[in-house]
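Okay, structure first, notes after.
By written order: A, B, C and D. Residues from 1 in each chain.
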Amino acid sequence: MTLLDVKDLRVSFGETRAVDGLSFSLERGRVLGLVGESGCGKSVTSLAVMGLLNGATTSGEIWFDGQELLGSDRRAVRRLRGDRLAMIFQDPLSSLNPYYPVGFQIAEAYRAHRRTSRKQARAIVVRMLDRVGIPEAERRARDYPHQFSGGMRQRVMIAMALCLEPELIIADEPTTALDVTVQAQILALLDTLRAEYGTAVLLITHDLGVVAGTADEVVVMYGGRAVERGEVHALFEDPREPYTRRLLAAVPRIDRPVPDRLETL
Amino acid sequence: MALGAPLITALTGQSPTEFHPEAIDPALGGLPKGPWGGISAEHPLGVEPATGRDVLARVVWGARLSLLISLLATLLATTIGTVLGLVAGFQGGWADMVIGRLMDLLMSFPSLIFMIALMSVAPDGNRELMLVAVLGLFGWPYIGRIVRGQAMALAGREFVEAARVLGATRRAILFREVLPNLTGPILVVATLSIPGYIATEAGLSFLGVGVRPPTPSWGQMIASAVPWYAADPVYFLVPGLFLLVTVLAFNVVGDALGDLR
Amino acid sequence: MIVYLLKRLGAAAAILLVICALTFTIFYIAPDDPAQKACGKACTPERIEQIRDQLGLDTPIPEQFASYVRGIFAGRTYGTGSTAVECPFPCLGFSFQTNVPVQELLVSRLPVSASIAVGAAVLWLLVGVGAGVLAALRKGSWWDRTAMGAALGGISLPIYLTALVLQYLLVVVFEVLPYPRAVGLLEDPAGWFASMLMPWIALAALYAGMYARLTRTELIGVLSQNFVRTARAKGLPERTVVRRHALRPTLTPIVTVFGMDLGALLGGALITESVFGLPGVGKLAADAINSSDQPVILGVTLFAAAFIVFANVVVDLLYAVLDPRIRLGAS
Amino acid sequence: MTPLLEAEGLVKRFPMRHPLTRRVTGHLTAVDGVSLTVRRGETLGLVGESGCGKSSTARLITRLAEPTGGTIRFDGRDITTMGEATLRPVRRDLQMIFQDPFSSLNPRMTVEAILSAPFRYQGLKPEPGQIAELLRRVGLRPEHAERLPHQFSGGQAQRIGIARALALHPKLVVCDEPVSALDVSVQAQILNLLRDLQEEFELSYVFIAHDLGAVRQVCGRIAVMYLGTVVEIADRDELFAHPAHPYTAALLAAVPIPDPRIERARPRVVLSGDLPSPANPPSGCPFRTRCPRAAERCALERPTLAEGAPGHRVACHFPLDTSLGLSRDGARRAGPRPAKGAP
């Protein structure tokens, strides 16, 4: 069943077109990778789905579980946000408010959509922090973002995104700011939790390796459009579009003999 | 128009000087003849009560002096602030500590009271230059602090490291690499500090320790209008509005420069 | 932390000492003879000699300065024998004009300055920060442009002009307010309010402009931060996003600027008090300067500097309290 | 022939200060006894994750930072404590390329000025046409000389940075993360360019990156760093085929490969935990807190770099002796990642 259906999305900031007629759809519980180089419009797309674009002209349709979001009133979209569709951002340090303890920031997300006492919310926060692998969750909930490492902060963001068990998570470059070994941890965690909650994921990344290991389907973007889309194995094994092929060839891979020169676009 | 205003006043300021047309004075209280502070064809902005001096001439002459003093003070403060701010921010360590302390000290002065105290005991010689010196002395730390912060930020930029790797001397880095990147912010801060100096100079003259009486100045004119303000409001409004418009003009220009960047 | 506080206070004291020394020296390079000043008009050479002796003006300048500083901490006695005058801690000397101890003058003038400063501060915080927040939230709107234009006008207003215009309109023309006079808040609250209203407005017009501009810039900056986007992504109502997530980081730097401004004003609003004829610390300074009352000038300078310097320390501590990153240190 | 660069026991310690009180609260050891040699004409790679000290090492080698301890010999001379004036002529031979292509170019200078700076700061003058020739060599056009940095793309800006480093025909170029701010396609161009220029100018590189793929593409020998120390150093092919340090193995295993079949079938070692703070490093082996093979000895005794195979040195009490060593071991611990989504 289709959970998210984006039809002919166009976003522009003044004269610049960031997204130029993009369409894709995502089934429940599946992972869709949106890949492309910087400026291809992938992040703008994610913000458009969340209704978080400011000062942009948007047209097209974004259907979420049978509800069109672009045309809906702001309050209805706001109610969905955080509850049924949640987001994980690239830079966890700047994405958390430095003035409040992380536990408060997670509880706040929960209480924005569910009527609960502070105490109940607190218990849920501790459970979530524990669930994402933060040791001593009870104590750490009172700590501030700057007291965590990069990987731990991203775990906090994941706990925040998952605390209401949303149907869709949009992860915008969730591991780009992290080191490879920590990236592996976070990807593994996301994968486990996603499977457990049955959450669909829209994964936005520039890293073809991350997509290869995580996504079920892939949309390759260039200049605000989808240049190629397909099931992950098919796309990587037999890319149809020259752009996709060259993009793949440009990555220096550690599992193949070292080429004399890398393919360039 | 706001930009042109100070320029125009300065230009027309060349012609009229102070006069004492006693004729305009009625013996009764020394108030100017006629309504609106004695505005007439001869005296488009009225005359001074008691002396009958032409207000326009005095305002315009006052403008010349106010602008000259504040521009010179800005130049002085900007030069000191830029050089010391650059050195403090870029060199760090010992130099930064000394300069930082000096700025702390100067900014802790109740500067107005201190300036007044200083000006009140200052010799009568060249009070205009004295004003410039005092305004510059207390003004530079504000520019210095901003330049220091910017220089610190730039010192960590890779192009500065690149220059170091190329073997550039400290001075070359400061003046060739760092300073050109600071001209924009310095220009904005300097422009925005001009109105402050105009207002402070007027304030000092208002309090009677700035420019001495025969020489006209806006602050001094307003001060001498205080006893008359109830009977002859035009007399304090004229220099007051000139002051306001000039200060506003510089603020608008500074603001616009800041937005451009 | 305690060590830090002590260090800061030590540095503050050092700054005050330097300011004191500089102010002190200025009067000795001045052409006026302090003894002549202290003596007044009806003066004989013998009398001058006596005063000279009593004030210790014959001793070298560093020594005079030392006894002045000692007097602040331990009190001092001027002269000897029958002419000895006791000046208790914290001694700042006697006014040449009135022979009243300077510290008593300062204490008696402080309530007026404090009334002006605190009242004006409340006014400008309400108006300035309020206008700035609204302008930032409706960036580019009609309100934003009007408020920012007004703010620019406000910061361009010379305080004596505002003061005179206010007084002319409200007192002379429309007769809605009395001429300001020094009334205690407790003796006559209504009279106090009526007297203080004009100084408040005059000062607040200037500061509200500055605060409106500062608040707007800060808030616009904060609103573009990633954590505000996160707050929106959680589905929080916009009001909560602004109030909880944007205002707190916006107000932190404003609080520090405010501390400094209030500190400076408590040491006397010189021009405002002079124009309205209100006997605060600033008026005291203005009068002392006109009559070359050196001990008073010195006293006021130190007093005002002390407020600025200590406001500086308080503001730094406040910053640490408000910002958890500083309070708790880096990880 | 003597090696071009010999760094011996380099240490860099920074005092850490409280943000408000400025009191020194401890010391952060960014580089903790690093010894490296760069032979003439080779490319030495430095890899590791953030905070491992690779960039600090680069800054020590180029004397942008003062070492707390150790010595640096460049081209036969000890440059560790040389003053700026004595060092100036040495700098002609010792250049650097930076990470951020825009930050590394002065925004107020034209390309012409940027590329004449190396000559000017050395008291020289570029010959007519030399700037144009430099531009051509890095794949730009002579008319680009009049433009300002912001008029270029990231890749072009990085080419200008490269041209500047090469202007004086240096012997060694330290490249600090030169491609990590660039998109893959641009990254490939720059990597190719660096390789071409190496041949043309007979350059040696120290190439610093966190991306193992990029490092493998350009480096002959690779040193792996962790928490301020070199934990393993070997020839490229040897290192990738037979990683001996558990950290190297984990690093290799964590690199995502753009092939879903391999990526999903591959046993993955997920290192637990985070990098310890360089201000408070663990006792003994710095990696022991995250190491799957850690034993009692690792907490007590710090392993030193020891030669296993010729030219392959590793600092570990329990090195992996075969190429499969850790992956098998790790597979048992972490289990294979469930392949999913396959139709």
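By our rule, a residue touches a chain if its C-beta (ideal position, glycine included) is under 8 Å from a C-beta of that chain, and two chains touch if they have at least 3 such contacts.
Given the structure is predicted, the values throughout are model-derived calculations rather than measurements.
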item: Which of B-D and A-C has more C-beta contact pairs; value: A-C
item: Euclidean distance of C-alpha centroids - chain B vs chain D, Å; value: 53
item: Chain C and chain D: spacing of chain centres that average the CA atoms, whole Å; value: 55
item: Chain C: positions in contact with at least two other chains; value: 325, 330-331
item: Chains that touch, pairwise; value: A-C, A-D, B-C, B-D, C-D
item: Contact set on chain C toward chain B in their complex; value: 15, 18-19, 23, 26-27, 29-32, 152-153, 155-161, 164-165, 167-168, 172, 264, 267-268, 270-271, 274-275, 282, 285-286, 289-290, 292, 297, 300-301, 304-305, 308-309, 312
item: Interfacial residue positions of chain B with respect to chain C in the complex; value: 104-105, 107-110, 112-114, 116-118, 120-121, 123, 195, 199, 202-203, 206-209, 219, 222-223, 225-226, 229-230, 233, 236-237, 240-241, 243-244, 247-248, 251-252, 255
item: In the complex, chain C residues that touch chain A; value: 225-227, 229-238, 240, 244-245, 248-249, 323-325, 328, 330-331
item: Of chain D, residues touching chain C in the complex; value: 16, 18-21, 23, 25, 277
item: Residues on chain C engaged by chain D in the complex (per definition of touch); value: 1, 3-4, 7, 316, 319-320, 325-326, 329-331
